[in-house]
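In the two complexes that follow, chain A is the common piece, with chain B as its partner first and chain C second.
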Partner chain A sequence: MGQFVTEINANGVIAVDDTIQVKGYETRAGSRILEGFKPLFSAETVERLEGAGYAVAGKSAVGEFGLDLLGEFAHGGPCLDASGALRGAAAELVAAGQVRGALNVDLNGAPRRAAALSGVDFLKPTYGTVSRYGVIPCACSGEQVGVTAKTAGAVRELLRVIAGHDPKDGTSLPAETYDYGNGKDVPGMRVGLVRELTDAASDDMKARVTAYAERMRGLGVTVEEVSLPLAEAARTAWNLLLCAETCNNVSRYDGVKFGYRSPDYRNIDELYVNSRTEGLNFLTKAVILYGSDALSKGRYVTCYDKALRVRRLVWEQVKGLFKDFDALLCPACSRTEYRPYAIADAFKTVFEESLFTAIPNLTGVPAMASGGVQCFADTLRESSLLNLAEAMEGSGAK
Partner chain B sequence: MSERWETVIGLEVHVELSTKSKIFCACSTEFGGRPNTHCCPVCMGLPGTLPVLNRKVLEYAVRAGLALHCDIDRETRFDRKNYFYPDLPKAYQISQLYRPIARNGYVDIGAKRIRIHEMHMEEDAGKLIHSEYEHETYPDYNRAGVPLLEIVSEPDFRDSAEVLAYLEKIRSLFTYLGISDCKMQEGSMRADVNLSVRRAGETALGTRTETKNINSLRAIEHAIESERSRQIHILSGGGAVVQETRHWNDDLKTSTAMRSKENAPDYRYFPEPDLPVIFIGEDFLQAARDSLPEFAEERQARFVEQYALPPKDAARLTVRRETAELFEAVVSRGAEARHVANWLIVHVPHVLKTLSENAEDIAPDPSELAELIRRTESGTVSRADGLRVLEALLSTDGPFRVSDYIRERGLSVNNDESALEEVIRRVIEANPKAVNEYRSGKTKAIGFLIGQAMKDLQGKATPATVRERMEAALET
Partner chain C sequence: MMTPEALSALEQLNEMRLTADEAAEMLSIFRDMEAHEAALREIDTDNVEIMVHVMPLTNILRDDVQEQPFTRESLLEGAPEHTDDSWQVPRLVK
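Entry: the complex of A and B
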């Protein structure tokens, strides 16, 4: 069972990830370094939900800065189900019916993964359609606030509330509303089954995706295998950008103005070093080192800038597929179950698993986990994802 | 024997833009203010905040780029410059490295052309106030996020005179554009000096140093002189100049090494993901071109032509846009151009000096100034009184009507014609010797008579009027 980090409102209906600020309530993004940090303002998405009459039930736990797989490094301990498998706090709360929905930050696929494993829905909308104002920043160029809910219909309802132009976010797109579909128009749709990603998954995950594709065909959807040769390059590129941007974004945490300060220091340098040493976990430190290296003078062109060029190529490849297909189907993760893993492997596992989730973060296209698998769609074509998911849910796919 | 050396200087000039609000948030940019009162979560770098570009800054930057004859990048963008220091709340500065707004420009100083390598937009950092008594430092983030332009020149300067002329030129261009007040003493214009020396005739550049923390034009002169002699001294002794950053201490008139090239920080620049690429459209660019004012040089030429002013006077009147505009405003209100020029070039600066005021801080009402100049020059107010009124007009006592002021204080010259005649008649009667001298051809004697009359009139008539009347009276 997932934990609330903070009890805010007993009558609340929405959980908000701890990477999203709620005014006056401790928001620590799953990290000790933000211990005691009470934001001066709520995230734009939270404001919009509250303005529409939803109450925030509490903060759902995340791993430090949302970087890990499923909250296994959450400050209060990993979120496990009765069998000892990792679930992800927000997805578990939704699955258990404790909240109507949850807002999550998708920066490395964690909420998509969690939804796929808990059998609920999560949609990461097109980059720029939902305000990032009030999100604890990590991988700014690809992170988005999305919605976890039990059904595609519920996702659509919450998405309508939070999406739309926000003048406080310079990357916010100008439109005030977006088309989130109506649950119809599914027969005749064309879906591409991404070979590289399906092949990389475990046998039971492969079987799950194949079965899902089969049920889609039953709804009159054409499913064809497609190739995305740059999938592996997309993974590397996003890992690199994620590390670089995170390294830069967390460098403001110094133990001086807010958050955790080590009690053990004799001078300002020790204050900085000890606060960070004690305040950040193993995974974040690894991310910082990789990111710092990728941005360093000798490496910028060969690493960071190359990743930006790969981003462009992947975008072109994905766009090419969307000329022929309404959506791309693939696994959201390699396995159907995760158990807490050894710290030493954490970094590797997180970066390997991003193979399945990186493309939407890298290119900004929308992605939705539903029925234990995930689909991508073209920029601003959330309607395709929601319509498909809704039809599949109606067909008893769950 | 002494060798001949050539100094090679490049400048990095930072100019604070005078927009009302900061570059990425709505906070005030006003100078001064109690520490940390012009701040918000955005410029304090709190997590969850996002920068949103102030359009005014872009507009100012484009106009500045055009004034410096630069190419404007139609797809400009921001980068993050990483450095960890308490004056920088986000631990990175939003600046421009890869796609600066402007490149490849120039500034002409006299016959010499100084090439501009690039000019970019960035945010200012905060200020650290070090306690003198305790080992404590207090950060003040009022300045954090104030918009800056950094103008990087090519190493085209050969002496400090060229550097000063260049800074004056930039100050003139930018004040004419109305985008900065360029006050070095308030830090709204700062310059870092890159300097190397080489033996006369050599073409390769010597190893350069960068001197920072130079806060006045005089300091720049001193810093250049000091660094030039330091390097020549090293090289003459067979040594080698170390590439390093040096810190100027203006009290000691000397610089000290801050960090060498090896310790130079790696700023790990990368494109700012929170700000989209800025596409500059033709309309925007054309509007910026159309908004360029008549700069000092063109205006100087026009003043010579239109107002028949000597070129030297026209040059002095057009150094600052405010002076030039005041000149034309006063002339348009009926004062004679050559008189106004004289007042603005001679009298106004003189009075300001007495008042220890800065020219930037005064803005006299042009109508009142025109009235004062007209009355003084036509002789209805004596020059001494006219200057007294000017002093009152320029001091910070608040606005007043010149005509009221003159009437209330009885400064108006005696217009009572009969009283003037009476005084002249009395003086002629009382000084027959001088009168005879004058009438017998020693016309210089009239000076004595005028002096006597002026004494009687207690300064309430102009010497010119008295002379005129006196001559007339002596002829009869």
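Entry: the complex of A and C
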């Protein structure tokens, strides 16, 4: 069940994922390569929460750099429920009431997936509205800090604290505050049920989404099926960009300046190679190697450049739907339960599952897991997601 | 198509080594991804601009004011090995 990898304050109420820095406390991003690394500064989001009176209870476990499904390949081992099913550590801490909320990095959907499986809420806000300063970086063009909490109201409360311009983050938008809704205005909203993503899910997940849509209709929401033909292309494009950007960002871990250093070396080359070979798991290595190849001279145009152009097409397709709909409804993951599996299968497994989560990372739009399903909204329209989730929670959808 | 030789070169470039089993799995990953990349290439992007960032932000610069956020000592504290004023690595020249 949910446990802290590092306990910080017995009276704390916030869990902070181990990919987010808390000054003076070991931050490993779930990896051996950052063994012993104690940041010299806290993430801006942590500073803002502490400044508003929220104490950090501890660091919650993540998979190495947040690259896996649910933290199953965290250096300290996976988080499992009583039946042996995989769970996200932060989501379980929130579900059990051990913390009021958690800060998580949504890199490839892990916190959304975790919230959907644990029956709590997670909101990935619009790219640039919440500072990424102090996040252990992987895919800077699409990863985003978000909030896990038990209710939409609690998510809103914490988002209001952490959002707003941060001059220390070069991708931070200029606004100081954002509209996170009022829990009202739901009757008359229009929601699109994304056919390609719902059809790709298991029968039990499809049934969950269908039931959720039906309860939305009961609140006066119009739900209609819509098509996103570029959904699979969005997955490929996001994974190409994620791998390429991660390859660059993770190149800083070399066993010299901080973190793990192999004891087995005779020269500087062996120091680098052995430290990285022993310090990184196979999933991270696969991401680095695939990303490095995508950036190579012979493949740059057909892979990396192509993915950047497809990103614009996906963005235009999603924006087109938001002319007619307030939100898009779909599964957050393919199944209602996941079991531990071999790390040799991790790259392919994560790639397959990211079909359900890649679009918001690729396009920067906000996405929220609530009631075991997921909704996307237009840029800066978190209010639609929170209002819908809150109304559904009020109707007994949790 | 990714070959064992090209994969070995990639490993070297990225300062890491795969075991034989990992290398076989990595070649399988490259083979799998080829089909997805081919589907991406089928999409007409001839007149589509690249989109590096989804938000229209460019050249955000802070004020040109000299700062000293961290001391040399504090930066050295996290290093696996260091001298009084430098990170320590094996001898590079004989």
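Assume the second predicted complex is superposed on the first by the 398 of 398 C-alpha atoms of A that agree within 3 Å, B and C clash if a C-alpha of one lies under 4 Å from a C-alpha of the other, contacts with A are read in each partner's own complex, and residues count from 1 in each chain.
Assume a residue touches a chain if its C-beta (ideal position, glycine included) is under 8 Å from a C-beta of that chain, and two chains touch if they have at least 3 such contacts.
Keep in mind that this is a model prediction, so the values were computed, not measured.
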| item | value |
| --- | --- |
| Touching partner for A:292 - first (chain B), second (chain C), both, neither | both |
| Contacts of A:167 with chain B and chain C, given as first, second, both or neither | both |
| Which superposed partner A:36 touches (first chain B, second chain C, both, neither) | second |
| First, second, both or neither for A:260, with chain B first and chain C second | second |
| Chain B versus chain C, judged by how many residues of chain A each one touches | C |
| Touched partner set for A:276, first chain B, second chain C, both or neither | second |
| Contacts of A:313 with chain B and chain C, given as first, second, both or neither | second |
| First, second, both or neither for A:184, with chain B first and chain C second | neither |
| On chain A, positions contacted by chain B and by chain C | 37, 40-41, 141, 167, 170-171, 251, 254, 256-258, 292, 308 |
| Of chain A, residues touching chain B in the complex | 21, 29, 34, 37, 39-41, 43, 132-137, 140-141, 167-171, 244-245, 248, 251-252, 254, 256-258, 292, 295-297, 300, 304, 308 |
| Chain B residues touching chain A - in the complex, by the definition given at the top | 41, 44-53, 80, 82, 84, 86, 89-92, 266, 268-271, 273-276 |
| Of chain A, residues touching chain C in the complex | 36-38, 40-41, 127-128, 141-142, 167, 170-173, 230, 232-233, 235-237, 240, 247, 251, 254-261, 265-269, 271-273, 276-277, 280, 282, 285-286, 288-290, 292-293, 302-303, 305-313, 315, 344, 347-348, 351, 362-364, 379 |
| Contact set on chain C toward chain A in their complex | 2, 7, 10-11, 13-18, 21-22, 25-26, 29-30, 32-33, 36-37, 39-41, 43, 45, 48-55, 57, 60, 62, 69-70, 74-75, 77-81, 87, 89-90, 92 |
